[in-house]
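The following block contains the structure, expressed as structure tokens.
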Amino acid sequence: MNALYDFSYLTGSIHEWLSERVSPHAVTIVEMILVGISFMLLFAILGIVLVYAERKVSAFFQQRLGPMRVGKWGTAQTIADVIKLLLKEPLMNKEADKFLFNLAPFVIMIAAFMAIAALPFAKGLQALDFDIGILYVAAVSSLGVIGILLAGWSSNNKYSLIGAMRSGAQILSYELSVALSLLTIVVLTGSLQLSVIVESQADGWWIFKGHIPAFIAFIIFLIASTAETNRGPFDIAEAESELTAGFHTEYSGLKFAFFFLAEFANMFIVSAIGATVFLGGWMPLHIGSWEGFNAVMDFIPPIFWFFGKVSFLIFMMMWFRWTFPRLRIDQLLTLEWKYLLPINLVNIVVMAFLGLMGWHF
Amino acid sequence: MEEIITKELESQEYFINMGPQHPSTHGVLRLVLSLDGEIIRNVEPHIGYIHRSIEKMCEHDSYQQIVHLTDRMDYLSCHINNEAVCLAVEMGLQLEVPERVKVIRTIIGELTRLSSHQLWWGVMGMDLGAITTFLYGFRDREMITDIFEETCGARLTMNYNVPGGLMFDIHPNFQKRTKDFIAHFKKKLPEYDDLLSNNVIFRNRTIGIGKLSKEDAISYGVTGPSARASGFSCDVRKHYPYSAYDKVQFKEVLRSEGDCYARYECRIDEMWESLSIIEQLIDNIPEGPFKTPTKAVIKLPKGEWYQKVETARGEFGVYIISEGQKNPYRVKFRSPGFSNLSALNHMAKDSKIADLVAIMSTLDLVIPDIDR
Amino acid sequence: MKSIINYFKEIYFGLKSLVTGMRVTGHYITHPKEIITQQYPENRDTLKMFERFRGEVVLLHNENNEHRCTGCSACEIACPNGTIEIINKKVDIDGRKVKALDTFVYHLQMCTMCGLCIPACPTDAIKMANTFEHAVFDRSKLTKVLNKPGSKLMDGVK
Amino acid sequence: MDSTAIIFYFIATVMIVFSVLAVTSRRILRAAVYLLFALAGTAALYFMIDYYFLAAVQLIVYAGGIVVLIIFSVLLTSHINEKLDKPAWSKIIYTSLTLAAGLVLTLYTIYDHSFVTETSSPANVTVNLIGERMLSYGEGGYVLPFEVISILLLAAMVGAIVIAKRTPPKS
């Protein structure tokens, strides 16, 4: 691994530089603020880039051009949209529960923030590296649904309420599948720590090393994580042809932007988790004994590998969304409880057997 | 104990207003739903939000002027509506239109049916959450609207028929463009199957949903593809052929299931039938005048006339009572959308909100057609 | 046993149908040449409407500022919406008082572009123009006078 | 006062404030949300003392599970304008008395107990260790409570199904 690409030198030198100048407490606080600011920046960039990407990708799927007016190829379109959303009047239903109505978007955003903090972007570039990393991500991403439920209830709108109910049932059940499909890989790694999982894929990604069960787990993860982010074809909580806009019908302006941003942030988070666990995180693609090929792959910085894999997964999710019709609520639950969960459980057993016999690479 | 539980947890029905502005009512239709959770107990359509009293307006207009009002009823089958009025007036005048007119009317009528079904297909996909189909449907429809624009001068409200024939002759490019379209669309129609018809999600969303038996279809007066999906053979083109429909070979598409998927399949198969009808006629347009001359002011003799045609939605009827004046005494339109809507409650009862959207889509309602 | 086979069959065919659908959309994202969007205001110069397109009614004038409208009001009668108003005046021609066109008022906001006025005209004075950009900020601008100032009847038109 | 202490007192204050709010709020959904904050505060405390597993479990089970279920049931049953009745004075008095007794008992126990300050670094609780403990029946094994809890959950599910299963109205 190319030492040049290790971010721990950079972070380490920042730490040293600070320690020489200020007291240890201040170092902690300054570093916290730095990390916070960088994640906020990441969020803003993610939102702008992903919204633009979604619009362009959907346009090309639909034989359209997409945004073309603001900036070259419409690149500044999202920024214009952000400005428009910021300038919009925040409307609120008269009978709405004001406190909860205002709180809901923040709950969603905070949950996304907490989850994104644990992602390993590259070697040495990870804010929180718990030894229970996957469990932590599963835990905080389950908080997001509270925001949806609160938004739906406090809007005092029946459409919103139905959307919130659907979303609750959906996310609660699909969390199981996401966690179980990730556990299938954990069986092989023996650790929940995200950095360890990435390191364990230095000689090959789990999706290749884990044979068919890993591939099945990957497919299940793709389906279940799409459902967990409330995206089409599982967007029954929004379902604009049935519930107008579902849980965020009554939101406008900045608060709506928060929901919008959280959707894309969640999409990024689940893709990043999928990339980390199944596709080797920031690890480059290595093929057995092809020394020359491996050296070339090593030359590409890990951060590009990470974002490349994440973009691939995000593109897959967009492809799903712009191709398939929406499921009905009972079909959604049937899919989870009758198909994904049983297959997942059997898959884990098979994987455990593979691991026990040492049949994986 | 059981009683207490039942009593305490007795669910309450609640009402929700779906519309007048709602993405899936495709216009200003208001449905008052009584819901028990997600399950619909009752649907009550409230209509009249786009009522323009077209029938009353007809009483003040001359017979040529009535035609253009029908454009604005079922705007997706406007040419067929126009044709119905013209046929009724010609029946009253006992006017025989040239063969050329009959063939052109049939071709354009089938093109209208195709364009309507294409739009319906796109919207059906969008209602079920597949937004991409909407764009694909419109992409193919664009070629038909181009044909219309070149020949008739408008894309949506064509007003190409006049009593006695056509407003002008077909454009020289008409035949070539139509053939190009047929070749193009024959390639694209299988894509429709790939995207929706065979899709497992779509099939689950539509098969067995919104069942309508043949008896109910007849008693509610449902016509068109919606009724033929229930096995009710009601194709006016087959049973009471008008224009050139007696000269072409085509199958009446029938299904027996009566569910959403059957209605969907009916329309998809009708597109194939329409293509074949056009193919049979497009090279055989007889030469001749495009209009039988009429007087500038048409006066129908005293009497009553009823003419029905098959629009993309079902049986459209025109009933004219004349007192011998230049204006009709009374005009009544039997619009298919109105009768089809009346079966909605029967079909949607005890299904889910998402199913209601699918049922509405497969009924293919055009709200101005219902309200007139 | 049969139900288990059916279960897996269902999954197989379900996934297959989904992949078929994705292949269709995948085809279009990889073929950007097939994009059908037209960049409207930019392509104004190359945009050509079909000659029969009905945009608005115009009164034809020749280079001598002459039109063919005799003011017979046939179009006014043919119009179902009261879009056209013909206001006539009496002019002296060879000492005789003759009815002639004073103002040809056209209410674009009421026009449904049905085209009935065109065949109604006995002298082919009016036609449908191809213009389609009718948006204005002031509604009164939609009421137009079609005969140009100072125009008169073409010779020999009756 | 070092930064750890500041963070501790901050979290503790948040927890106390939201706990009080949770029991005093008369809007039931708001009370549930305050409870969520109190529980999240607990998780934060666990994170602070490096008990990551416990913290994550706290988040999954309480914040992500129990509170979501509470909110979900509130969504199903209550209307937005509904407020709980003001409790009777007698109830308030009895509750405060009970609370005070509990507080005294807790404080007495805490101050009576001489805490030994651990100088060595805390034992590294790995996931492996937790997994082994959870499934072992020997000393320090938790397999019995683990299974008992699952029986409790089963009972709760059966109860829920019984309630949800609507008995057809007797005609």
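Chains: A, B, C and D, in written order; residue numbering restarts at 1 for each.
As a working rule, a residue touches a chain if its C-beta (ideal position, glycine included) is under 8 Å from a C-beta of that chain, and two chains touch if they have at least 3 such contacts.
Remember, predicted model here, so these are calculated numbers, not experimental data.
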Of A-C and A-B, pair with higher C-beta contact tally: A-B
Chain centroid nearest the full-protein CA centroid: A
Gap in Å, rounded to a whole number, between the CA centres of chain B and chain A: 45
Gap in Å, rounded to a whole number, between the CA centres of chain C and chain A: 50
Chain B and chain D, separation of their C-alpha mean positions in angstrom: 60
Between chain C and chain B, distance of the C-alpha-averaged centres to the nearest whole Å: 24
Overlap residues in chain C, where contacts from two or more other chains coincide: 18, 21, 24-25, 36
Residues of chain B touching at least two other chains: 132, 139, 195, 199, 201
Contacts with 2+ other chains: residues of chain A: 61-64, 165, 322-324
Chain C residues within the chain B interface of the complex: 13-15, 17-18, 20-21, 23-25, 36, 49-50, 52-54, 74, 78, 80, 112-116, 119-120, 128
Chain A residues within the chain D interface of the complex: 25, 28-29, 95-97, 99-100, 103, 130-132, 135-136, 138-140, 142-143, 145-146, 149-150, 152-154, 156, 161, 164-165, 168, 172, 175, 190-192
Parts of chain C lying in touch with chain A, wherever the complex brings them together: 11, 18, 21-22, 24-26, 28-29, 32, 34-37, 39
Chain B to chain A touching residues, read off their complex: 14, 16, 22-24, 38, 125-132, 135-136, 139, 195-196, 199, 201-202, 204-205, 352-357
In the complex with chain A, residue positions of chain D that touch it: 2-3, 27, 29-30, 33, 36, 40, 52-53, 55-57, 59-60, 63-65, 67-68, 71-72, 74-76, 80-81, 126-128
